[in-house]
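Take a look at the structures listed below.
Okay, so chain A shows up in both of these, paired with chain B first and chain C after.
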Partner chain A sequence: MIGVGVPVAALVHSQVPSAFSGVAEGLTLVVLLSEFAMLRAPLSRSQIRLYSFQSLAVTALAAYVAAARGIPDLYALAVLSLGLKVIVVPLVIVRLLRDARVELVASNRLSVATMTLLAIGLAVFAVFVLGSLPVHSHSLPAAAFNLSAAVILVAFLLVIVRSDVISQAVGFFSLENGVSVTSLVVAAGLPLVVEVAFLFDLLVAVVVFGVLMRVHHGRTDTLSTDVLDRLKG
Partner chain B sequence: MVAGAELSQPVIQVGQDLTILVFAPGVSGAIAQVEARFQGRRGPRVLQPYYDLAKLFRKETLVPEDASWVFLAGPVVAFMCYLVVPLLIPELTTYSLPLGYMGDILGGGFILALAGFSVALAAAETDAPYAQLGSSRAMTFAALIEPSILFVTFSVALITTTDLPYAEAAAARSSFAAAIRPAHLLAALAFFLVVLNDTGRIPVETHSSTLEFGMIDEARTLEHSGPALALLKWGSNMKQLILYVLLINVFAAPWGLAGSRQPGAIGLAVVVFLGKALAVGLVFTLIDNSFSKLRLFKITEFMAAAFLLAVLAVLVLFLGGGA
Partner chain C sequence: MSWDLVVLLIGPAAVAVACWFVPLRAARALTVAAGAVSFALSVLLVPAGAPTTALSGWLRVDSLSVVFLVAVTFLYALTAIFAVGYVHPDGDTAARARYSRRFFAGLNVFCWSMAVACLVNGLALLWVAVEVTTVVSALLVAIDDTDGATEAAWKYVLIASMGLGIGLLATIVMYYAGAQVFGDAYELFYPKLLASAAHFPPAVVRLSFVLAVLGFGTKMGLVPVHTWLPDAHSEAPTPVSALLSGSLLAVSFYAILRFFQIAVRAVGPTFPRDVLLAFGLASLGLAALYLASQRDLKRLFAYSSVEHMGILAIGMSFSAPIAVVGVLLHVLAHAAAKGTAFFGAGSVVRKLGTKDITRIRGGIGALPWSGPMLVLAVLGLCAMPPGGMFRSELLIVSGGLADPADAVVAVLVVLVTVASLGLSFFGTQTMLGPTPDTVVKGETSWMVVTAMLLGLGGLTLLGVHPPGALSHLLERAAAELGAPR
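What follows is the complex of A and B.
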């Protein structure tokens, strides 16, 4: 075409990632962004809804990897995680919340902007640490691998800065989401048994957190963990 | 290329300016109309902004007693700035027009910032508390949104190894994989939030409110009247359309631009551009009607979200974007 000076197309240097890693990275980013949203979410209920949405993104990633790489096992995993993580676990937590009948407002120890900046720092740290590892593969969407580590660290931050049981439980569950993303992008061919063992872990965690929540609420009449540092007579 | 009926490049460039100048109030009017419809009102006519401008140009200008010449120069300088920026951005053409390579994204950003600064300066000239409050708030939030703009620029620079808006648009057009690459989408989303902030839309500011306490940009113009106010209003409409150009033709949908200098192609590009601008306006209206305005001290959360998206765009590019 007609142009003055340098033709624009000649300026486009940077290599474009393949459509597969583009989509995989996009879905991982959705997982990471919903983790950030959980950090910000003012209500426990919206946090649980975000967890469900995040799990949906993980499910979509599993189905996409299954289709793109031709691994039918992963379809089974996708179905399992759709049933458990998107539907059952959120329902169970919501039921527990309803029984507890306390205020739904989750508590922040820091202001939202500070938390976000801290979390950005953690994400950058995770991405650069994993980026320096000599893990390079032709078929590996590299950014997705690094970003999944960021999901895990931000989930830790969520558990640390929030002082209510629901946020801490949701943080722990979403940490499991980060681990499954890592296993999906790094070792898509991981045997189904191992993946199912992860899911079983999650179920155990749900039961444990459920019991913990009930006991805590029964003793202190609140879901906040701030009261735990007081001595009891 | 067919010789003959081809427009010369300066003519096209002036055409870009005229498109912004002439259609900016109309686009604002159309958006206001759609917004009113969503709220169940009939709304003002689409051409209402033009009538408002005509009315204001016929009125006299009143200057506060203590204000100096800056009070009247501010709106003029801002208006000139808004006339310069369309010369530098891919509004109608895929190829860069004369001197188009001179102004990169930062250059355009500086000129827009100069416009905002001169309006704020003019407002600070008055003794009126609300105008001064508006100008101080506008400058504060402009500083807070700046990191996001910088990181969007960084991600463009990493994608194209330049920071020319034309190159970013060409990169997005080059293939499907390039258009859906996460870094591009994230940068586009971050820029969307920046535009939301800079056009004074709902999570940040109610653009049609008359309540001074919530105002940021709007409050700056409270003391102006007559032709000066007309220039300010026209300028803010133009600024909105310029930001739409950047959002649409650099990030969101850089398709439908003219690749040649045929008058027909250019004319089609104008129509397509206006259609895209109205579509973006519709999205902004939907957001306007489905969210509530943030409290002033919560706006930092909005800025943090934009910054997060822009930082992630750069992160993704550093790792795996090129490999």
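What follows is the complex of A and C.
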């Protein structure tokens, strides 16, 4: 059985799924499934918890790739992403919700069944369309690439079909998780300074999203985006 | 000559920090000085034939970056002057003073991030800089704290960030393409990517380029991902509208051009040109229709930006190098003309108290200087001579006519004419007619007039006689963009 630490060439050409690719694809699948769960999560609070869980899966994937492929930079990235995406970002949003003091009701534009079917359709589309591309990764099995693209498309669906500012912000943050998985798959060697810059950017974006959510809540006394219909044409 | 890049990197950021601490009058003066010095430093870079680098290669400007740097810093200087006269010039109350302080700090950070996007060497840092421009400008859009501004800011930050998520994906996919040549760990510096682009896997580069056009195109305002643009441009404070339209869209276009540059070397020119052509035609077509039915003065100029971004994209799809020179000149001319137009529109809207085109009348009577200059800026946007847009659109169209394969140039001419009809009709009818008696006639501030005069002066200079060094710069930049012979 092919295990951790086997030369890359052996992995790429092997037909039998290795333990490495099994774990890596499993973690990517967890990321995708938590995206599905976020899509239908009725409460903003549960959505944020799911985001935190999803980030944890991404962090675990980064740490696993670091260990299995011997890329020490990724450990640093995993630590940063643990601190920022698993802890800080969810805390910031939860804190904001506590101040907001509005009832947290579902904001689905579509029924849960329709949303889920649409999401499955998008995920299948992503997996098959990107599966036809000649992307052979050294660091992760190529199936993880397709799955990360599915995460990104479902994140778009989340932003489109949920009409409250928390869901939409969480949709954007989880889109970033999807892109993080992609970068682990196809660009594991991305320089650390660049990765840190990406994460710093995310932090700034979270703060700005937070400020604008506050402003929105301050003006309209609701978290719903249904009132944002003044500007047209 | 690398010290000026470092000054450009540090100067505006330092001024932004200073705006919080120094007296308000000093903050205003510092902002104007930062804009003027940044512009002067960018102009100093124009004659340099070879790329300038600094900070061990992390900063690098070649001719292409200088074109955009000049556009950004020119509007930085103009907007700083305009804002001093426009944003609570009499900061009497504490609330107004706090607002002004926040505003000038934000303005400097915003311009700094756009300049940095042109300075950095490499696709990854470029993405980071562009994302910073988004979050900073979203706060500036929301700064007025009205219902409209809040709605526009939320739509803007959400749509643009989602778009830039796609842009990040494009960057990562391009990294993967490069990793097939350089191995797993390398820096995404432009010269390195360009030198080896011919060996990148073509299918992956194609994917990356389409994602880049879609992602950065969201910020550039390409149809169908332009939907945030009219809202943000119309609801933002006027100086911010001018920067969003004249500089920010250009910076996003610059990001697309960086991907274009790599793509033409990796997969040949046909594919990238076709992608830009499709987005450009959609943008120009839709904007031409909206311009003919717009009732809000600032939204009118916003759709005019969509139109001009469409022209840029279509211009890049023509194979003749002269069209590319035209596109780059168009970027500069658009910054000057659209900045001036928004300055004028802001003054008119403030004076007459409405943005509704059907209700604004007599702008020239109310504003003896800004009114006529707004008319000239609108005519400049319609590519009337002697404005710079006349020259740039002439170059683009003649480039299109040079190759029979580019027959789509006929569509370009028709759509631009339709758009110009709408823009010139609605844009100028607000200026004519009797001025309402309730309006106090006269300019609000000579700084506003100065900014518009400088904008029109720049536009006219580009149209009548672009300086020789600038023409050479545009030619070198166009050569950098084209496929190597």
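FYI, the second predicted complex is superposed on the first by the 209 of 233 C-alpha atoms of A that agree within 3 Å, B and C clash if a C-alpha of one lies under 4 Å from a C-alpha of the other, contacts with A are read in each partner's own complex, and residues count from 1 in each chain.
Going forward, a residue touches a chain if its C-beta (ideal position, glycine included) is under 8 Å from a C-beta of that chain, and two chains touch if they have at least 3 such contacts.
Just so it is clear, the structure is predicted and the values come from calculations on it, not from any experiment.
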**Asked** Thinking of the overlay built on chain A, is A:183 touched by chain B (first), by chain C (second), by both, or by neither?
**Response** second
**Request:** Determine, under the contact definition given at the top, whether A:142 touches first (chain B), second (chain C), both, or neither.
**Result:** first
**Request:** Would you check which partner chain A:112 touches, where first means chain B only, second means chain C only, and both and neither mean what they say?
**Result:** first
**Request:** Go through the superposed model and pick first if A:80 touches only chain B, second if only chain C, both, or neither.
**Result:** neither
**Asked** Where does A:230 make contact in the superposed view: on chain B (first), on chain C (second), on both, or on neither?
**Response** second
**Prompt:** Regarding the shared-chain residue A:92, is it in contact with chain B (first), chain C (second), both, or neither?
**Reply:** neither
**Message:** Under the stated touch criterion, which partner chain does A:124 make contact with: chain B (first), chain C (second), both, or neither?
**Reply:** first
**Contacts of A:23 with chain B and chain C, given as first, second, both or neither** = first
**Asked** Tell me, which parts of chain B touch chain A in their complex?
**Response** 1, 9, 94-98, 100-101, 158-162, 164, 166-167, 170-171, 174-178, 180-182, 185-186, 259-261, 298, 300-301, 303-305, 307-309, 311-312, 315-323
**Prompt:** Hey, which residues of chain A end up touching chain C in the complex?
**Reply:** 133-135, 137-139, 152, 155-156, 159, 165, 168-169, 171-172, 175-176, 179, 182-183, 186-191, 194, 197-198, 200-201, 204-205, 207-209, 211-212, 215-216, 219-220, 225, 228, 230-231, 233
**Asked** For chain C, which residues are in contact with chain A within the complex?
**Response** 124-125, 127-128, 131-132, 134-135, 138-139, 142, 145, 147-148, 150-155, 157-158, 161-162, 165-166, 168-169, 172-173, 175-176, 179, 183-188, 201, 203-204, 207, 230-231, 234-235, 290, 293-296, 299
**Fill in**
Residue set of chain A touching chain B in the complex reads 1-6, 8-9, 11-19, 21-23, 25-26, 29, 32-33, 36, 40, 112-113, 116-117, 119-120, 123-124, 127-128, 131, 136, 141-147
